[in-house]
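Let me begin by presenting the structure, written as structure tokens, before commenting on it.
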Amino acid sequence: MELPHLDEGGAARMVDVSTKAASVRTATASGVLRTTEAVIELLTTGTLPKGDALATARIAGIMGAKRTPDLIPLCHPIVLSGVAVELHPERDGVRISATVRTTDRTGVEMEALTAVAVAGLALHDMVKAVDPAAVLDQVRVERKDGGKTGTWTRPE
Amino acid sequence: MELPHLDEGGAARMVDVSTKAASVRTATASGVLRTTEAVIELLTTGTLPKGDALATARIAGIMGAKRTPDLIPLCHPIVLSGVAVELHPERDGVRISATVRTTDRTGVEMEALTAVAVAGLALHDMVKAVDPAAVLDQVRVERKDGGKTGTWTRPE
Amino acid sequence: MELPHLDEGGAARMVDVSTKAASVRTATASGVLRTTEAVIELLTTGTLPKGDALATARIAGIMGAKRTPDLIPLCHPIVLSGVAVELHPERDGVRISATVRTTDRTGVEMEALTAVAVAGLALHDMVKAVDPAAVLDQVRVERKDGGKTGTWTRPE
Amino acid sequence: MELPHLDEGGAARMVDVSTKAASVRTATASGVLRTTEAVIELLTTGTLPKGDALATARIAGIMGAKRTPDLIPLCHPIVLSGVAVELHPERDGVRISATVRTTDRTGVEMEALTAVAVAGLALHDMVKAVDPAAVLDQVRVERKDGGKTGTWTRPE
Amino acid sequence: MELPHLDEGGAARMVDVSTKAASVRTATASGVLRTTEAVIELLTTGTLPKGDALATARIAGIMGAKRTPDLIPLCHPIVLSGVAVELHPERDGVRISATVRTTDRTGVEMEALTAVAVAGLALHDMVKAVDPAAVLDQVRVERKDGGKTGTWTRPE
Amino acid sequence: MELPHLDEGGAARMVDVSTKAASVRTATASGVLRTTEAVIELLTTGTLPKGDALATARIAGIMGAKRTPDLIPLCHPIVLSGVAVELHPERDGVRISATVRTTDRTGVEMEALTAVAVAGLALHDMVKAVDPAAVLDQVRVERKDGGKTGTWTRPE
């Protein structure tokens, strides 16, 4: 077992994917911003958005997916063919889910994870004046499809 | 209680801070990338880095702090006067801590949180080939100092 | 009369503002995205937003203001202390207004204009499938305050 | 008639284009920066550039086309295979035209519009000291070719 | 002989490459940061890195390659399929080499050169407090492969 | 003698400058793009620019200065109060000089060096079709003023 992003001398590199086939690849990641019930009430009327807060986080997540190669040093700059970010307010947190698709030579797990993290940070920013103790938690890949390794789903 | 980032009609805005005083403000955030013991061994020899992996994550975190206003829609573009990112490999995870300082008119909690999240995502990227189930957890503010609201420390 | 952005030989430069005083400066710009009544109905229920379209344009405008020095070659990178973008759906167009404030050494007319233009382009993007003939019009400064030249308001 | 950028619940998304064919697609957009005759004289000797002003705006437009996915929240990050920006000084304004080409899965109207808008804003920046009342007008698509919907030309 | 980036009127443009074939293309560039023996000792223990300095420069170079179309006005935004940056400390300098690969329609000499230059500037930044006279030298293409023009190697 | 960008454990950090005074600081850097006499003729008529090539490089350099904190991992994001880039065509090369000024808490040597390097790379890009062997050479600081360390000029 070894880390492909490090060469035999331990130096970081962007792994060459030029021999991999271009194909449709999809990844879904999720996470949750934990906050208080009172804050959830400020963000929503029941499960409906109240004002721009959820839209702001959704846009931040979609734009964050596009910034992945700028942020993650060894990620490939690739074309993205679709990004969707879902926000589900729950009793004491907002559940975040992002699905990203490409037709390129490498998977998009990092793009999906970055979308979730940036959407979560954007929520954090909006609620921090009223809940400085909010926590972004459980940012993780749920599923990936396509590419040579095929489908992976998170074990329960 | 209300969200200052939304105006009375619910529209998102970047809050005017022009009447706040420029002063030294510091924030520390933390988080953890949970992975397996076997992956921790690939990243380290004991607690020492093995190759560039930890340096890559540290640099990603520092650069991520600088990209905060590009990522978080309602964050102010400000000058930063210092950023430090610490990575502590533990038995089954890497603990991440970031401290950011400014001399500007607004706090730097978001910059510290973004540094932690981006460092964690960069680690995620490097380990995902060997541990697709890794999780970025507990991204949160630990402490902030300076500004009108003064010091806040996370309640235990 | 001469263009301060060009030196005596005609070469472009970022004008030195180091001897100007840091002070509060504000600028308001406006513009309009002209489209059809049918499209306005898709964007709104009366004057209320329907879905994320207006929030998306507002966020794009706010983030666009922050990208001004990346886009406009001779603009100074400065701190911004506040940005607000307003969108007013009218019968056959969406009126856009942006107000930007800084405490720095140079005015923020370009930041306000960029916010308007980017919000307008984001609307254009969302409506182009149903109205490819939409037009972004009348992008202009309405008013500026502060700095040595003081207040300027658009002549009627 | 509906807006494809919003899902059935009204949430913004980057539309999935993975099933569209990669093919050559071209778009041309135009606009005009209206200013005074005196300013046009500062920019040109007749129709010839005087100093770097027109080149600065042209470069800003070309680079702006490349920043489109960073600016427009729901635009796809794609490869561009060519960008040309033309500036035609007229009696009391500078006419701007941009043509963008891709070989990707989605059209490039937004890239052409962004090139025009950014070139126009860059001109605005250079003339604002001598004409604060300048206006960027008529930013619009003139023609698009390629893709499933084929050629569209602006109705006269 | 003419410069393809300028049209017949001398205007800068991003050359249309839509009729070129997508194929694997590689470029290698090199350069050297000249400094003092004492500084080389601070950076290394013999030829081994001491602390994060070399990793920081390597990451800067890899990320710099990805920023090439943002920096170089007439470069095409393309996908990159691999980037490697090597740093070889010598007696009184650090030799830098970068190899970049794409599967796109245009060569990657500029990406390789940018990786070398940015890695060199990052080293410059780290050593400037102890050697303000350091010099980045000999930034040049060593070899390119692929595309219609095929292989070019630097004449000795 | 030690490298301030590395802490006692060798970890990279953005050095805290919050206790340094904000003051006017200036830096000048230079470099040269070496090419052939024939290429110089394509770029100029004598020492006058022919078409947009020199303006393109100048704009690239000015914009590059603004991107310094995005490119150089440990550089502080600061406000810049002025940037000038000069290009002097000589017999077999183009000499590049950049002067950058700030009113912030840290020097601008890296901004001046980055402006020179990016202007040089932009020239490289424009001439590479006719001179693939061009070399960017002697990128170095010439002089800095201001700050606690005061004036430094390059020893002859």
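Read from first to last, the chains carry the letters A, B, C, D, E and F; within each, the first residue is number 1.
Simple rule for what comes next: contacts are C-beta pairs under 8 Å (C-beta built on N, C-alpha and C of every residue); 3 or more make two chains touch, one makes a residue touch a chain.
No experiment lies behind these values; they were computed from the predicted model shown.
Shared contacts of subunit A and subunit E, meaning chains that touch the two of them, come down to B, D.
Counting the residue numbers that touch the partner chain, subunit B and subunit F have less than half of them in common.
When the C-beta contacts at A-C and at A-B are tallied, the pair with the greater total is A-B. Summary of the copy comparison: rotating subunit E onto subunit F for the best CA superposition needs 180 degrees, to the nearest 5. Subunit B and subunit C have centres, each the mean of its CA atoms, that are 30 Å apart.
Taking the mean of the C-alpha atoms as each chain's centre, subunit D and subunit F sit 30 Å apart.
Among all residues of subunit A, those that touch two or more other chains are 11-12, 52, 55-56, 58-60, 63, 67, 70, 73-74, 78-79.
All chain pairs that touch, listed by label, are A-B, A-C, A-D, A-E, B-C, B-E, B-F, C-D, C-F, D-E, D-F, E-F.
On the side of subunit B, the complex with subunit C involves touching residues 7, 11-18, 22, 69-70, 73-74, 76-79, 104-105.
Across the complex, subunit D is touched by residues 1-6, 9-12, 31, 38, 42-43, 50-53, 55-56, 59-60, 63-64, 67, 70-75, 109-110, 113-114, 117-118, 120-122, 124-130, 132-141, 144, 152, 154-155 of subunit C. Taken together, the subunit B residues at the contact with subunit F in this complex read 24, 55, 58-59, 62-63, 65-67, 78-86, 101-103. Those residues of subunit C that touch subunit A in the complex are listed here as 52, 55-56, 58-60, 63.
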